[in-house]
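Next up, some structures in structure tokens.
What follows is chain A paired twice: with chain B in the first complex and chain C in the second.
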Partner chain A sequence: MRRWGVFILLMTFSDLGVAGKCQLPVSLNGLTLLIRVNGMYSPNNVLADMVLEYVFEKKSYQVTILNTKQSRSGIYQYRQLTPMLARFSVLEGSKAKLTVYSNTFVCETDTIGYTIFSQKKNEGVSDIRQNTGVFIIQK
Partner chain B sequence: MNNWVRLLFIALVFFHVEAVSKQCNLPQNLENYTLLFRISGMSYKVSPDAMVFRELSFLKYSFEDKSLVTGKHFKAKYRYQLFTPDVAFIDVYRDEISMVRQYRNVLVCQSDFIGQLIYTPEMNISIPGVSKSQITGKYILRKHKN
Partner chain C sequence: MMNICIKTVLLIFLSQIPVCFSYAEFKTDCSVPQSLNTKMILFSVDEEYSLYSPEVIGLIEFHFKEKSFINNVIQSQYVFPGNYDYQVIDKDLAIISIKEVVGNLVSKYQILLVCISDIQGYFIYSLEHGERMPNVHRDTGLYILR
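For the complex of A and B:
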């Protein structure tokens, strides 16, 4: 019983000592982020194998599909959940053609890691889907 | 003043979007849940578990990890933390004395039962049959029938 108590206590504070081998940025302002989308092309993964370049300002960003040179812009919120886990939520387009999605980042080093893309709406229509990708942060 | 109005507007829009877009929820804890997951990609040296289904059966503080292909299994301790309704992680520990984390699975739900995960092993810790580098996968979450 005492061992369980010690275990629970250690687990509660374990992130302070064990985690933190990589660190995601506190803010995306002024950074460029490259995302390569994983998987095979399908209607649920139209950007498969493409590379997206996000250029961030304080509240807004521009994303360019480097394969096609198409660009879009939007506003975002970024939240660091732990040093190695963060999420940015995005509103792209406007009013009836609003696209809503988020990317959840888990770093492997300070500059690379994996991301989970979760889309809620695409151009105003409910379109729930997820994909994964690899990201690179350029400072 | 204009900047304040603009910031308030952006905050309200995000609040609204967050509210209407919370279409999935991860559980508050994993007790009596089973997590079935499959690592994506091709099987290769750093990811021998690719395409293999694994089943994690959770109790309050411990769980059993079983490969559904080889039948190999082990028991370990875990910590589950929910950050937002749709984002959580599971830390898996070798034992309660050393407190060395073996790996972390970050879960992002798509519905209440399925979603994607990012598997991140601790460096310098080798577990037979388990990936040695960060990788993604899909999961299915089910509640045990007691």
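For the complex of A and C:
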């Protein structure tokens, strides 16, 4: 109910519904997504300049760091908040060493845009950090 | 929730991923402000130039009142007034929608805030219409509440 309330509010809010005139996917199922992590290295951005490839199924995904060929898998939720704003949130790895994070997307066109990565846990340990990147949606 | 549990039973045996999860598990414990009235926010723009990020100008300070603000580009000392709307979308997520008018020039843009603590986080700046080309672009960076 609260989600519908937010949705109606966003759609009626001036300009927000048509901002940028781009459209994020309604679902990630069957899509491949590339994320290029911001190139400025810092303790908050340990994957600086790396390219991550996400391959999505209905509820699960596999992510590969293309630079190192390391892969991990997890389950995710995806929420399209407005046509141009969406968030996918994941539980990645095994139960004992769970990594928990989300990516918040704002599109530039229907296939590219910017993302904010927000991590809560890394391999079971609290590790709160953020960074940014660009994403490309492939079919 | 039940549907997610059933669908992920197989995954437990394969990868020991938890059976059930709620959206709350993904969220950090921070909150974006409920209102920007009287707040000051410092935006530090990521220094990566690109076609879609042509204005890598460093530090910008916004002083907010109830519906208006003053935007001070610290390096150049340029000051722009404007009006804004502020919408909290989720506990850790908000959008500022801004209209600046300088003479005949109108800039319209939005700033998405995702907090990491109650006083800082990252933002995505989305210009919809500006006085300079390209008229539509995005920037990212860090914001600090002061």
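To be clear about the criterion, the second predicted complex is superposed on the first by the 119 of 139 C-alpha atoms of A that agree within 3 Å, B and C clash if a C-alpha of one lies under 4 Å from a C-alpha of the other, contacts with A are read in each partner's own complex, and residues count from 1 in each chain.
FYI, a contact is a pair of C-beta atoms (placed from the backbone, for glycine too) under 8 Å apart; a residue touches a chain by one contact, two chains touch by 3 or more.
The model shown is predicted, which means the values in this text are computed figures rather than measured ones.
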* Of the partners chain B and chain C, which touch A:K95 in the superposed model: first, second, both, neither? -> second
* Mind working out whether A:G74 is in touch with chain B, chain C, both or neither, as first, second, both or neither? => second
* Would you check which partner chain A:I116 touches, where first means chain B only, second means chain C only, and both and neither mean what they say? => both
* To do: Check the residue A:M40 against both partner chains and state whether it touches chain B (first), chain C (second), both, or neither.
  => second
* Which partner does A:L31 reach: the first (chain B), the second (chain C), both, or neither? -> neither
* Classify the contacts of A:K58 with the two partner chains as first (chain B alone), second (chain C alone), both, or neither. => second
* Asked: Of the two partner chains, chain B (first) and chain C (second), which one does A:V106 touch, if any: first, second, both, or neither?
  -> both
* Asked: Which residues form the common part of the chain A surface touched by chain B and by chain C?
  -> 6, 10, 14, 19, 38-39, 59, 75, 77, 81, 84-85, 87, 89, 91, 100, 104, 106, 108, 113-114, 116, 118, 120, 128-132
* So in the complex, which bits of chain A are touching chain C? -> 6, 9-10, 13-16, 19-20, 38-40, 58-60, 73-75, 77, 79, 81, 84-85, 87, 89-91, 93-96, 98, 100-102, 104, 106, 108, 113-114, 116, 118, 120, 128-132
* Touch list for chain C against partner chain A, complex -> 4, 7-8, 11, 15-18, 21, 23, 25-28, 46-48, 52, 85, 87, 89-90, 92-93, 95, 97, 108, 110, 112, 114, 116-117, 121-124, 126, 128, 136-138, 140-141
* Which of the residues in chain A come into contact with chain B in the complex? -> 3-4, 6-8, 10-11, 14, 18-19, 21, 38-39, 59, 75, 77, 81-82, 84-85, 87, 89, 91, 100, 104, 106, 108, 113-116, 118, 120-121, 128-132
* Name, in rising order, each residue of chain B that touches chain A in their complex. => 7, 10, 13-14, 17-18, 21, 23, 40, 61, 77, 79, 83-84, 86-87, 89, 91, 93, 96, 99-101, 104, 106, 108, 110-111, 115-118, 120, 122-123, 133-136
